[in-house]
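Note that the chains take the letters A, B, C, D, E and F in the order they are written out, and that residue 1 is the start of every chain.
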């Protein structure tokens, strides 16, 4: 049960953002809903039927529901929510974090992220790749902008007294999100406990306890 | 004089944003200040000297000065302001528009733009390329997101009663901005009046009057 | 009426060229005529049915009809005319300009253009992006080559006594053309006169007069 | 001490591979050793001084040292080892895994990986991004090939009785490696225990125990 | 007859490898078998039906049949054999060469190749483009790695006493192979003998003799 | 001697064209003459010193010298001749072919080519990659356009009574040219006669005779 709750909240939580992957070959190629042909990205609507609403999305002024174990919520605006983004290589998201909540360590496999703090105080950080695994972190205030390079592990934590709100954009219409803990300890099916015990240098019992949470 | 004022305000006004042009070959390549080697994008600092501040920019919570003929101000956060964006293919900007002010028709030659309305009401639009030159426009409210495809003419207008504030991101570390009126009627040196008279189907005297404003 | 004539001539006039946007994944992917699936670029014919004519286009030795307000005609050879260009990132066009005619200021949103003068004398120029808006121009003679960087406003004018002929190539199968005057003053529907009056610093009456021409 | 040993072994372990990031503008651009100019990728040697050895690397027939907590060793052949790879978008590595050893869950931020089993039996798997976090896994035998898509968490485990040997190639001259456990629990400086406790849903004491191993 | 035999062996011989051409817009886009829609690359299976076997290929431990005029065999693992490679920009191949056999001069039009010698001794070389046409060559032993830059003519020859085995990877899901002799002297239909006689500076009779072999 | 003459003519002959390889990060990056820093493409001049002539090249109306064994001459306009092409992914060339002269079979490793016949009659063709090696050819007249896909072997022959003139553009600032006969039979040093004898299925004496011509 704990697993399904946590899973559910992460599902909604990290579906967002955008990454640098486009080279459009026409003015636009609005993603077609319910198409039966699958391609790299998405097939397009007949351009003659395209309307202004295809390039628009509403509701990013509303706070997300932060009642979950990590105390945060990400509201994505990718090609899945805004079909006009197809082939254009960018997307966005709203991030709400309750006091001491976190947007847990995660990776965007196909995008760099740029983040702007709208409200509150956020500690942000990213970790460089092997062998240094250097943590580069900073406390951001309202109006601060920060960039998380493509594919690197990064996180945010609300270190202020009120809710924190940030807007992010990433360089892909569908940047993908890999929440480290969920992917590694909550995959379907599970990764073998032996593997995780050796990787994290802990007892298999501890691995099992963590897996039971996701 | 009118020209220099208008020019000055446009100079500051549209220097911003970011577009999908990167393929990083290392974790990061922070732009080096004052380097003497010019390359596509920018040469980088020695990675050993990189610090968290290289990935950060402050002040985007502050309204820009809208006291100018178009009643708006764009505050850019590109690689020129945030050196950590180098090679990462994304940038951002804050847009302030006074009531009935406009962000006049312009083009980003190297980027798609995604825009989020933080405050107020904005009429936005873009125009498709020849032969249709279709205007696709919509009135956005707080929390609305809109996308302007790469290289297309677009604009925003505040149609509300208070100031409007929007955040934009684009798919380039240096998307470039071409304000149509300024580029066409205010270039240095001027485009010949004969050319503009024929292009805009107006008398050369009208062309000269417009040029005198920029 | 004036509008429809001018529009018509612009329609045919600027539909051409080519831009750097390809990464072919097979020897060729010839665009399929009348396909019902829309993708980035175009879906392809079954490769077994491809013939030499799919890679060919005829008639670029013929002058275009220059009887129109700008005294010029562009004959495009893009993927719409030459289906073998699909996925290959290049296209071409013939430009005919009568004495003192112009190819009015325009932009290719998805392509750099390289131009060769075959006959006559052409003044050419492009304008850099904000804040400099520097006009870089030159008078070209027969045999001269010039390059217009991606997304920048550029134009040509015949400054000789006879017709001028040029060949252009651009780095996209479908570079797109945005004729500034047509897009800004002749869109469907019109951009609000208030916006254009403020953008071009002219009276709304002047805006209306210009709009009536397109 | 345990941390430094484990860290050291991971440092050598995952420095390898290659990813799809190139667009060469000349026949080759061999990386220059000890250059003082930093660019995206690497600056090149004077092409006149290039020799066959610049395109070559020796020693990949030799097993790596697997005496470390995870029982495996990756020997990389990236642009750091083979300067001729610069701008060419590919690299390689040898992977040795002792019986029941693992190549722990990791990510290449800039590359897809293709792997060929030369000797032994390997269980391999990757996990899709949120929200599914589906584990796609398979047991490979000698002569089997498998592909790990760009940026996704993946791992290998030797499930046979003897040593396993595999060859990998990835689509970047410098794909980067992020070993999950090392990056998250062994960064310099440490990520705050509060963050990791919340992310992994464990007590801070457990976090501290894991961190002490890296 | 001689032609058909040689042709047949070359057909199987050089269908392999992979090159840097991808920018995936989702975790994966597994090529759909027997699809009726042709696109750049391949259309994808419904992601819900994807299985681990879609990312796998077996049999690369088996030597290819080298009983043919050039004494070698290439066994390809491209998107045609391993559908999971679609959109991911990489592929692989096994190369078997009998003593004094050759992998004749050829080109991959869409990929750089990295090669690892598993067994035996291989003389390898590539030729730079005009005007230098410099041959860069080296004798490789077991464990040596070599890189052949995109689009350049290259070859391998077994100069040892036993069979040679190598593994190659290239930066495309479908790099293409153009065996020089087969393409130039064995095309269907033939290139005119006049052209080849002039190109190779030989008598047309010699051209005809060579053509009869392919 | 024959070799040096033929070599010399080929050297000048095929140095030209252009390919789709750019993603400019600024308006322009004009190649710097005599720079000491080598990068992918070329380092740039200080943008403040850029002039209109940097984007221009003269003389393409002049016929090339066709007095050589193949009866043709290619006059290139790549980044080496026109520094403004740097980072912009396109180039051009003029091709002159005397009656029954040929532009011998060659490959551009980094570019697709689009060709326009200005004068005369040209038989053109390209050959698909293995296994089909299909010759796709056509006789072009004045005003005809044809496209040669990236990396494929192609050629032109003048089949008319007068000189033929064509203009080509390709999708790279430096597409490279590999004349098959020169690269394979005229490299420095030579490819071993054994290899070529086996590849072309001819006696080593014939190989030696061909090599002596280049």
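Everything below uses one rule, namely that contacts are C-beta pairs under 8 Å (C-beta built on N, C-alpha and C of every residue); 3 or more make two chains touch, one makes a residue touch a chain.
Model, not experiment: these values are computed from the prediction.
Because chain C and chain F carry the same sequence, their contact can be compared by residue number, and over half of the numbers here are used by both.
Relative to the C-alpha centre of chain B, the farthest chain centre belongs to E. Of the pairs listed in C-F, B-D or C-E, the one whose interface repeats that of D-E, with over half of its contact pairs matching by residue number, is C-F. Set against the Cα centre of chain D, the chain with the most distant centre is C. Comparing chain pairs A-D and A-C, the larger number of C-beta contacts belongs to A-D.
Per-chain CA centroids place chain E at a distance of 23 Å from chain F. Averaged Cα coordinates give chain A a centre that lies 27 Å from the centre of chain B.
Centre to centre, using the average C-alpha position, chain D and chain F are separated by 40 Å.
With touch defined as above, residues shared between interfaces to two or more other chains in chain C number as follows: 21-24, 27, 37, 39, 41, 109-110, 129, 149-150, 152, 176. Taken as a contact graph, with one node per protein chain and an edge wherever two chains touch, the assembly fits none of the named shapes, being neither a line, a ring, a star nor a complete graph. Across the complex, chain E meets chain F through its residues 6, 10-15, 69-71, 100-102, 104-105, 107-110, 123, 125, 127, 129-135, 149-153, 155, 157, 176-192, 194-196, 198-202, 206, 209-210, 213-214.
Those residues of chain F that touch chain D in the complex are listed here as 21-23, 37-42, 109-110, 172-174, 176. Residues 18, 20-24, 27-28, 50-53, 55-62, 77, 82, 84-85, 88-92, 112-114, 116, 118, 128-129, 136-138, 140-150, 152, 167, 169-171 of chain C touch chain F in their complex.
For chain D in complex with chain F, the touching residues are 23-27, 29, 32, 37, 39, 41, 43-47, 86-87.
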